[in-house]
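So, here come the structures, one by one.
Here subunit A shows up in two complexes: once beside subunit B, once beside subunit C.
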Partner chain A sequence: MTHPWWQRGAPGRWMLALVFFGLASIGLIIPLIVGVLWSLVNPNVGWFPPAIVPANLSLANWRAMLSVPEIGQAFVMSFLIAPLVTVLCSALALPTGYALGRRRLRMRRTIELLVLAPIILPGIVLATGLGSMFIRLGLSHTIPGVVLVQTVVLLPFMIRIVAATFEGVPQDLIDAGRNLGAGPWALTRHVLIPLVKPGLFAGGLFTFIGSLEEFVLTFIVGMPHVQTLPVLLWAYLGGRSSIFTYAAVVTMVLLVPTILLMFIAERTLRQEYLAAGFGKV
Partner chain B sequence: MARLELQGITKRFGRAVAVDHVSLEVSDGEFLTLLGPSGCGKTTTLRIVAGLIDPDEGEVLLDGRPMQHLPAHRRQTAMVFQSYALFPHMTVQENIGFGLRMRGMLPEPVRTRVQEALALVELEGLGDRYPRQLSGGQQQRVAVARAVVTRPKVLLFDEPLSNLDAKLRERLRLELRTLQQRLGVTTVYVTHDQAEALSLSDRVAVMVGGQVVEIGTPREVYRTPRSRVTAEFLGITNFLEGKVMAVADGQCAVQTPLGVVRVDTTAGIRVGETVTLSFRPEDVRIGRHEGTTVTGRVLHASYLGAVTDYAVESAGMTLRIHEGGGALRGPGEEITVTLPTTAAIVHGQ
Partner chain C sequence: MEQITATLPRITRPRTRRREWLTDLVLLTPGVGYLLVFMCVPLAQVALRGFGLLAIGEPSHFTLALYREILASKIYRDSILFSLYFALGTTVVSLALALVTSALLQVNFPGRSVISVLYKIPLVVPSLVAAFLVLTIIDQGGIIARAVARFGVEWPELVHDRWGVGIILVLVWHNVPIMIVILSAVMSAIPQDVSAAARNLGASPWQVFRNVTLPLSLPGISAASLLVFIGVFGAFSIPSLVGAAYPKAISVVMSTEVLDRANWALASALGTIVTVLSAVLLYAYYRLIRHQEAALR
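This part shows the complex of A and B:
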């Protein structure tokens, strides 16, 4: 049997790796570099075509932005809301995920559809509806309000991931736990939760980053008192005339902790997955 | 003391009846095997004993006391799963100690008992490994250690050796039997492997279609099966149908397509009835010996090492014969065959 060129020996594979790396660079790394460059543009000189790199770099934008008290507040707000949303989503997704993943429910498809409804609806439709409801409930402009509204849109993803993980837990392990004397509570604590931890981790990470990035609902429910980094970013990018340079600084402020978090989580996650590897059967 | 009793256990899944009025008794320290083809309800029966499945009808009793109201985690049964079901997030020690911790035992005695259990299955020094770092045979031993460490009243095995290669399976079979006898624990073992069932058990219960069709010692069920399915399931056999001509002197004469065959059974046999005889291939001999002789022609011979497996045609029937050693006979050869008087008389389809 003949293999196509990309499977033939080391050179082929290297070529393939290079192509993928090239695509990843164009898609991910180049925009990042452009962002970094924009944040470093000297406002007095600017950056105009055809210059590929700004003619003059300075930290003026960083100084200007970091001296704005709003950015510090927004930073604290974002990183206060994100963990709250993550914890709330995890707590809600665990039982729902269990029910969807392990129980034979008669209305399973319908329930799944209902769970996914918030992400099927366009964000702006959801935002106007929920926005007016939240005003009536007195939750507008409050942190609990923003946490709740973000939970509404982020929970579906979390439930999907957790349910899939629950589905993957072999029934034999649960039976073995029961057979060895674990009651419902001990079984959950010592067998089920450790086994779905990788899914919970992945879902939690997804939710955390989703919360940091969420804009539409946070803007409508939270403004003007609760201002997260994306809302601030929008203010600079689109609210007034586009100030690319400031927006780039806000982006970096949002991006660097996220990347760090991803990095840490990925390391932890890999160990978790290793531990969850099932033996030879 | 632990005597296990099943009384009229029935379980339906939708319209299908998985277990159909199964009644069994396993005495203290006995090793009973449920043997049957896949889908015969043997695993379901085992899970009902463990409390992992609730029966629709019937009762499981331990030492005469009903267990139906006890949830799975309160029954003192320990199960070894086909997949071993070792917790992947726990080390070998933690896996083995799990049952003890669940019973509220303190860390120090747990450690001692776990070490004892590891020694019992000859896995000392592997306590800190994770299941995935062990070979299949080692994982199997951990599963056994995890089950026996809690000193259960009843040990349950669900095809525990079926994921191992043939040689290892044979060795672990021996070890399992030794261990069970040493611990003297009442055991129910589920398998579809007849060799496993015959070599391990005190008694074998043959299950077909959710029912126990026959129960007896390995020798009884193999040598003198009472039903055709049992004879068929426990290895290769030759069936011969015929009419009973005479019963006298502890023997009966049966008129078959191969002529009159004499058999050493008379119990419950009446003259004139139609019976089926079952001969094991290793009991049918080539040449003229004590018994009924017929002539035949070799259709087919396959050399299996310890024995040669012949298919011999005689009076339009095909007989299977296993001959140890001896000369290899080629297809087409005319031979004389002796049917032994030790044939079993079986009933049913």
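This part shows the complex of A and C:
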């Protein structure tokens, strides 16, 4: 029986590792480094072809965060909307997610389908419907309007994560607590809440990050008054002549928290919560 | 009979059915009610507006004129076909890459744990950021163009090109990880014994992949492909940034109708077409799954 090269003992495995790390650096690490470099380009010198590395680095673009009003405003706007969306999603998802996770429901399939729909539907279709509806309600171009539309697309993830969390609470522990004489309040306080806390935390973080990243609905409903970081990034990259240096700064502001979160999530949170959020169908 | 899914803290006697039902209703109302108001109502409005009803600022009456206009216009037809084209292209390329990667990820090589975290990074990267990162590499002013220029090679224009190569590259970068997540979960669930038995019976690694791994991963393959196809078909930000002036993606055409012309009716008709096409695909998928399950039984 002949083995292919990647299964021929240690050297083959090292070769395979080499291939993977090669691909990861081309596909991921180099783009990230180039993105960081663009954010550090000195605007007075620039970074023109054929230079592979910028000739002069500076923090001028980062200082622009503070001095260019639109970047600072978009930053404040994003980090004002994200907590509001997270709070609204949590408040709406907690009871519904609990019911989906732990109760015997009639029409369960229909409800699950309804919760799945905003995840599958193209954002632009929802934006078209919500855009005209919000013009009528006077919510277009307002912060409450943007909070409400972002909640439509982020609520399903939260509900699914909360439902998976409550579903994962072992009934034995609750029965044991009850047998030991705990009342409803003590059960909730000492058994249920500690068991569901990590899942709820994960759901909240995902909603927060999702709100920071949401673009299509914010763009259609919020334009031109509510400008979040992704909307600004769109303007820097395509709307006007592309301003790569500012785009790179906005990119890093959006990217660093998400990647950090992913590493935290990967380490401390159980895989099910991620699966409930990401495993879409 | 003891209810396994009983509500958690309860010391009183089981309530009547009616009260159970009332509790369900109270618990479900916030989440489900919100989606009914802010998703189902606007979607219904989109559907009706596509037929000339609920028109804004003009008399509304039932008509098929909007759909006739869309079918008669080459611009709209081309944009629908273009979206289908790059969705299919992205799905095929991503699937090929994800299949090879997931199969190789089953082998235990040094640094595998690092790779299995790294490849998930694009999952959390916003699509606009993905577009920017890939642009800095593949654009004519990008790193590859700069590198090959030293050897006198002129890098082709991949961004804003007529064939949507730039769009497909960015979308593939963004969608391969979710495919790998699904496919490697399916592949790691295949018992080692099966492929080992095939190898002992003289099958080559390729034959094992072709005749054992691939058929056993089929449910994952179809789920992942459908997921990526539908997601990409309606994608807006990446095609709008990296796409050519003509043809435009259907989502980009919709946003232009809304933002530049305030033509909500036409955008609604286009949106209905997008939704119906996606729904038909989903339905076909569920039928397929049921057939597969029935065949296994």
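Operating definition for what follows: the second predicted complex is superposed on the first by the 181 of 281 C-alpha atoms of A that agree within 3 Å, B and C clash if a C-alpha of one lies under 4 Å from a C-alpha of the other, contacts with A are read in each partner's own complex, and residues count from 1 in each chain.
Heads up, the rule we're going with is that contacts are C-beta pairs under 8 Å (C-beta built on N, C-alpha and C of every residue); 3 or more make two chains touch, one makes a residue touch a chain.
Computed from a prediction, not measured in an experiment: that's the story for all the values here.
When both complexes are overlaid on chain A, the residue A:L121 reaches subunit C alone and has no touch with subunit B. Contact with subunit B, but none with subunit C, is seen for A:P194 once the two complexes are overlaid on the shared chain.
In the superposition on chain A, contact of A:I71 is made with neither subunit B nor subunit C.
Touch criterion not met for A:L217: it reaches neither subunit B nor subunit C.
Of the two partner chains placed by the overlay, only subunit B lies in contact with A:D172; subunit C stays clear of it. By the document's definition of touching, of the two partners only subunit C reaches A:I52; subunit B does not. In the superposition on chain A, A:L180 makes contact with subunit B only, not with subunit C.
Put simply, more of the residues of subunit A are touched by C, taking subunit B and subunit C as the two choices. The residues of subunit A shared by its contacts with subunit B and with subunit C are 178, 182-183, 187, 278-281.
Listing the residues of subunit A that touch subunit C in their complex gives 1-4, 6-7, 13-14, 16-17, 19-21, 24, 27-28, 30-32, 34-35, 38, 48-52, 91-100, 102-106, 111, 114-115, 117-118, 120-133, 148-149, 151-152, 155-156, 159, 169, 171, 174, 178, 182-185, 187-188, 192, 209, 212-213, 215-216, 219-220, 223, 230, 233-234, 237-238, 244, 247-248, 251, 254-255, 258-259, 261-263, 266, 278-281.
Residues of subunit B that touch subunit A in their complex: 47, 50-52, 71-74, 77-79, 81-89, 98-99, 102-103, 130-132, 134-136, 139, 146, 150, 163. Subunit C meets subunit A in the complex at residues 3-11, 21, 23-24, 26-32, 34-36, 38-43, 45-46, 49, 56, 104, 107-112, 115, 117-129, 131-137, 141, 143, 145-147, 149-150, 173, 178, 181-182, 199-200, 202, 204-205, 223, 226-227, 230-231, 233-237, 240-241, 251, 254-255, 258-259, 264, 267-268, 271, 274-275, 278, 282. Contact residues of subunit A toward subunit B in the complex are 170, 172-173, 175-183, 186-187, 190-191, 194-195, 197, 275-281.
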